[in-house]
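Each of the two complexes below includes chain A, the first together with chain B, the second together with chain C.
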Partner chain A sequence: MTSILEIESFGFRYANAPRNAVADFSLEVTEGSILVLAGPSGCGKSTLLRAVNGLIPHMYNGDYSGDVKVAGRSVKGSEMRELAQTVGFLFQNPENQIFMFSVERDVAFGLENLGVPHDEIRSRVDEAMELLGIASLAKRAPHELSDGQKQRVALAGVLAMRPKLVILDEPTSLLDPRTAKELVELVARLRKELGTTFLIVEHRLELLVEVADKMVVMSGGRKVLDGSPQEVLMGDLAEGYGVAVPAVTKLQKMLAGDGLVRGDRMMTGTELAKTISQAGH
Partner chain B sequence: MMWLSGGFLFRSSSSYYHRLDPRVKLLISILMFVCALLARYIYELVLVMAFMAGVAVTAKVLARVGRTMFLTATFSAVIFVVNFLVTRNLVSSELYAVRFVAIVVSTSLFFITASPDELEQVMKTFRMPRDVVFAFVTAVRFIPVMMLDTFQIMDAQKSRGLEMQKGNVFLRLKNMIPVLIPLVVNAVVRSGELAEAMESRAYGAVPKPTSLVRYKARGVDKAVAVAAVALFALTAYSFYVVLPPLFL
Partner chain C sequence: MIEFEGVSFTHPNGVLALDNVDLRIEKGETLAIVGENGAGKTTLVRHVTGLLKPAKGRVSVDGVDTRTTTTATLSRKVGVAFQNPDHQLFSESVEAEMAFALKNFGFEPDVVAKRVSWGLQTFGLEEYRGSSPLILSGGEKKRLTLACILAWDPDAVILDEPTVGQDALQKERLAGTVRMLGAAGKTVVIVSHDIEFLWPMQPRVVVMKSGRIVADGPAAEVMQRREALDSARVAQPQLVAFGQELGAKPERPFVDALGARRFIEGRRP
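This part shows the complex of A and B:
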């Protein structure tokens, strides 16, 4: 397995800030995997994401240490336009990343900026809209869309550029539970169909435990936990770092503590319910 | 505000006029504007305005243009009075007042029939810098968003006891401050996020970006453009050579 992202003891302190936002952070992400990054607000997640897509150091000044490599190339030594084609960034608020007056023109925005020929833009825009099920919205204006639709439009604009790595910054924070679930299913499907790697910052972990390959927890700018979702969430430390351990997992841990269910493998809600009801008979 | 939104904001429509190439619509508006400047007598201006009304009917916007005309006429009345007091010349004051209405209407006809996309296209045709065009696009794009922001902030401040409909003009203006400050702060934060999103989508990567949409002048657009220029030439010729001076 090749790694798409390699972070080697990365650290960053914003200009005029008293201390590092991120310090001594190392991480390796294999291509085609889904990594979830968790941790309380202000723990340095956003800084880390910006360092992966190049906004740091290209747009923000400060003390930069260590190295971040995407697809084998150092972010520091690459230009924003090259990075834009390898790393896609879906920001938290979809409203602020839709620029044009219609959905299809916005999806085309990145490709237009790159100078992709007209015919190819057309086919890639259609493909991206088809992939996200928004082809019927092509001519709509942004203010005619729901939050969930806006998010899909923004994601289509990111995917049209065919990035290898896609960053999602709290993608479900504005979505209702059902739309949030649909988004997570979409991510799993895109990973399978396109082989895209996803780096997701998310608080609602219960949605992601089933699709994530790896989970990293940050606190105070440092990496404090790193492992499979099972290792992180079934362990004793996650809650102490402010991670919202899913209720099902908490219950399983409590029951496992009393020896009522197994504690070696994380169960889904359905599995746990089945085990409990079988135990009852 | 009413005057501005009614007279200058685009609303989509499928009229023949709306479907014309935006550059042709701009050409027609400019020619009507120039005609209004060329006219030396009131009846000539009335002819020009009758033509504008014809355009408005074709574009199915006569009611809106009529309203704009009516509201502009109030400004016009001021122009007339000031002019008359200064020059003591009834005819020229009349001319200035009516001409003002005519040029506002010709401009308004362009803006209410050209979609923001088409305005962008026109700006590109004139080879305006990409940054300027993009600034225009985002400004228009975020008008509905900012309006929503404003209403939300107003609701929030009202629910905390801000009374916006009470008191004299000065008090009301002062009461706008708790709405304006969060609005401006919001806009600044938003612009920072926009800048990050632009960078992430390779804004400015190549000097000549390509485009998903291509506007192509159809045969009918060219024909209308030629007809407009011909009619303009004829009008200018008649104004100065054929038509007699009638002091109305």
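This part shows the complex of A and C:
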């Protein structure tokens, strides 16, 4: 299996900052996988994302140590315009990312900036809009769309660049639960159909547990937990690091401690209720 | 007290965002507004400080019609933390950002200094005092906007999606702040998709769909109504769904995991 992202003992201290925002951080991400990055606010997640998309060190000054490689190329030694074609970034709030007068112009914006030939832009934009089910919105003004639709437009703009790695910064935070679930399903489908790798920062974990391959938890600029979502959420340490363990999982852990249910595999609320009823409790 | 009487509002693009809404929010009440994207929640709260004026009907704060006064006057009474903090942060430093409204409202310099320090400490932002608000993370920006508002001590606060970008510990602290505000007699209105955050606080819950209020009542009652919630695309709290499957009494839902455990242990032979 090929690694799409290799982070080797990466550390960064912003200019004039008293301490490192990230320290001695190593991680390898396999191509085509979905990785969830969690951890308390201010733990260094944003800094790490900036180091992957190149804003660090190209736009932020500071002390850089170790190395970050995307698709085998060192981020430090790459130009921003090269990186823009390998790493896609979806901001938390799509309003910060979409601004053109029509959906299709918005989706085309990144490609136009790179000077991609017109015909190529047309076909890639159509493809991306088709993929995200927004072809019918092509001529609409983005600001008139719903939040869920705006997010799809922003994501289409990212995917039109055909990045190998897509970073999603809290993609579901502004979406209602049903729309959020649809987005997560879309991510799973894109991974399968395009083989895209996703690096997702998220606090609402209940939705991602089923599709993620791996979960990494950061605290104080360091990696503190690294495993499958199961291992991380069922483990004893996650809550102490500010990870939002779903209420039903918390309950399962308590009941497992009482010897009433198993504690090795995470259950949904329905499964847990059934298990308890069947056991005659 | 905030009151909506027969309020309708249509966006310039022709979308009917509020459709004849009646809602009375009592002083000291903690109220959550939930509903799918585009249901009209944000449009509703924008009417409270007069940012939007109703096309039909009347919105009043303490009996004063929002059309007869200014947003500045209303803001002194009702503080709003917007969904996107980038829309309300503009100063050169975090400290200056916090001081801005306080100075505008005419507080004395020593009061301003005290309240700025209080806000930065309470919301864990002290280390950024001299930094530009723009370098803060999304979650930190949200906390800063809330700190700014609470610093001028309004009677009511409106929080539009306050948990976005907040980790579990920050959410717990935020829930603590909401409880504290409630205990201090403040009115708190929270617009949120984060049902799991709202549930343990047991607020009054208003469910919106297509610009209308489709359910209104205590969380314990509204969150049991699976069909109404489904039609408004609102998720049931995990523990409520779990309790229903287990046959727990609807009038005594599980507020937290501990409550559920007590119930299960109570049923053991």
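Here, the second predicted complex is superposed on the first by the 278 of 281 C-alpha atoms of A that agree within 3 Å, B and C clash if a C-alpha of one lies under 4 Å from a C-alpha of the other, contacts with A are read in each partner's own complex, and residues count from 1 in each chain.
The rule is simple: a contact is a pair of C-beta atoms (placed from the backbone, for glycine too) under 8 Å apart; a residue touches a chain by one contact, two chains touch by 3 or more.
Quantities reported herein were computed from a predicted structural model and do not represent experimental measurements.
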Chain C versus chain B on the shared chain A, clash or fit after superposition: clash
Could you say whether A:G263 touches chain B, chain C, both of them, or neither, answering first, second, both or neither? neither
First (chain B), second (chain C), both or neither: which does A:F101 touch? first
Regarding the shared-chain residue A:E170, is it in contact with chain B (first), chain C (second), both, or neither? second
In the superposed arrangement, which partner chain does A:N93 touch: chain B (first), chain C (second), both, or neither? both
Which chain A residues are contacted by chain C in one complex and by chain B in the other? 93, 95-96
Within their complex, state which residues of chain A touch chain C. 18, 38-43, 45-46, 92-93, 95-96, 144, 146-148, 169-170, 173-180, 203-204, 206, 239, 242-248, 250-251, 254-255, 258, 260, 269-270, 272-274, 276-277, 280-281
So, in the complex, the side of chain B touching chain A is made of residues 115-117, 134, 137-138, 140-141, 144-145, 190, 193-206, 208-214
Chain B touches which residues of chain A in the complex? 50, 53-55, 58-59, 80-81, 84-85, 87-89, 91, 93, 95-102, 104-105, 108-118, 121-122, 125, 142-143, 157-158, 161
Parts of chain C lying in touch with chain A, wherever the complex brings them together: 13, 15, 35-38, 83-84, 86, 124, 127, 137-140, 161, 163-171, 193-196, 233-235, 237-239, 241-242, 245-247, 256-258, 260-261, 264-265, 267-269
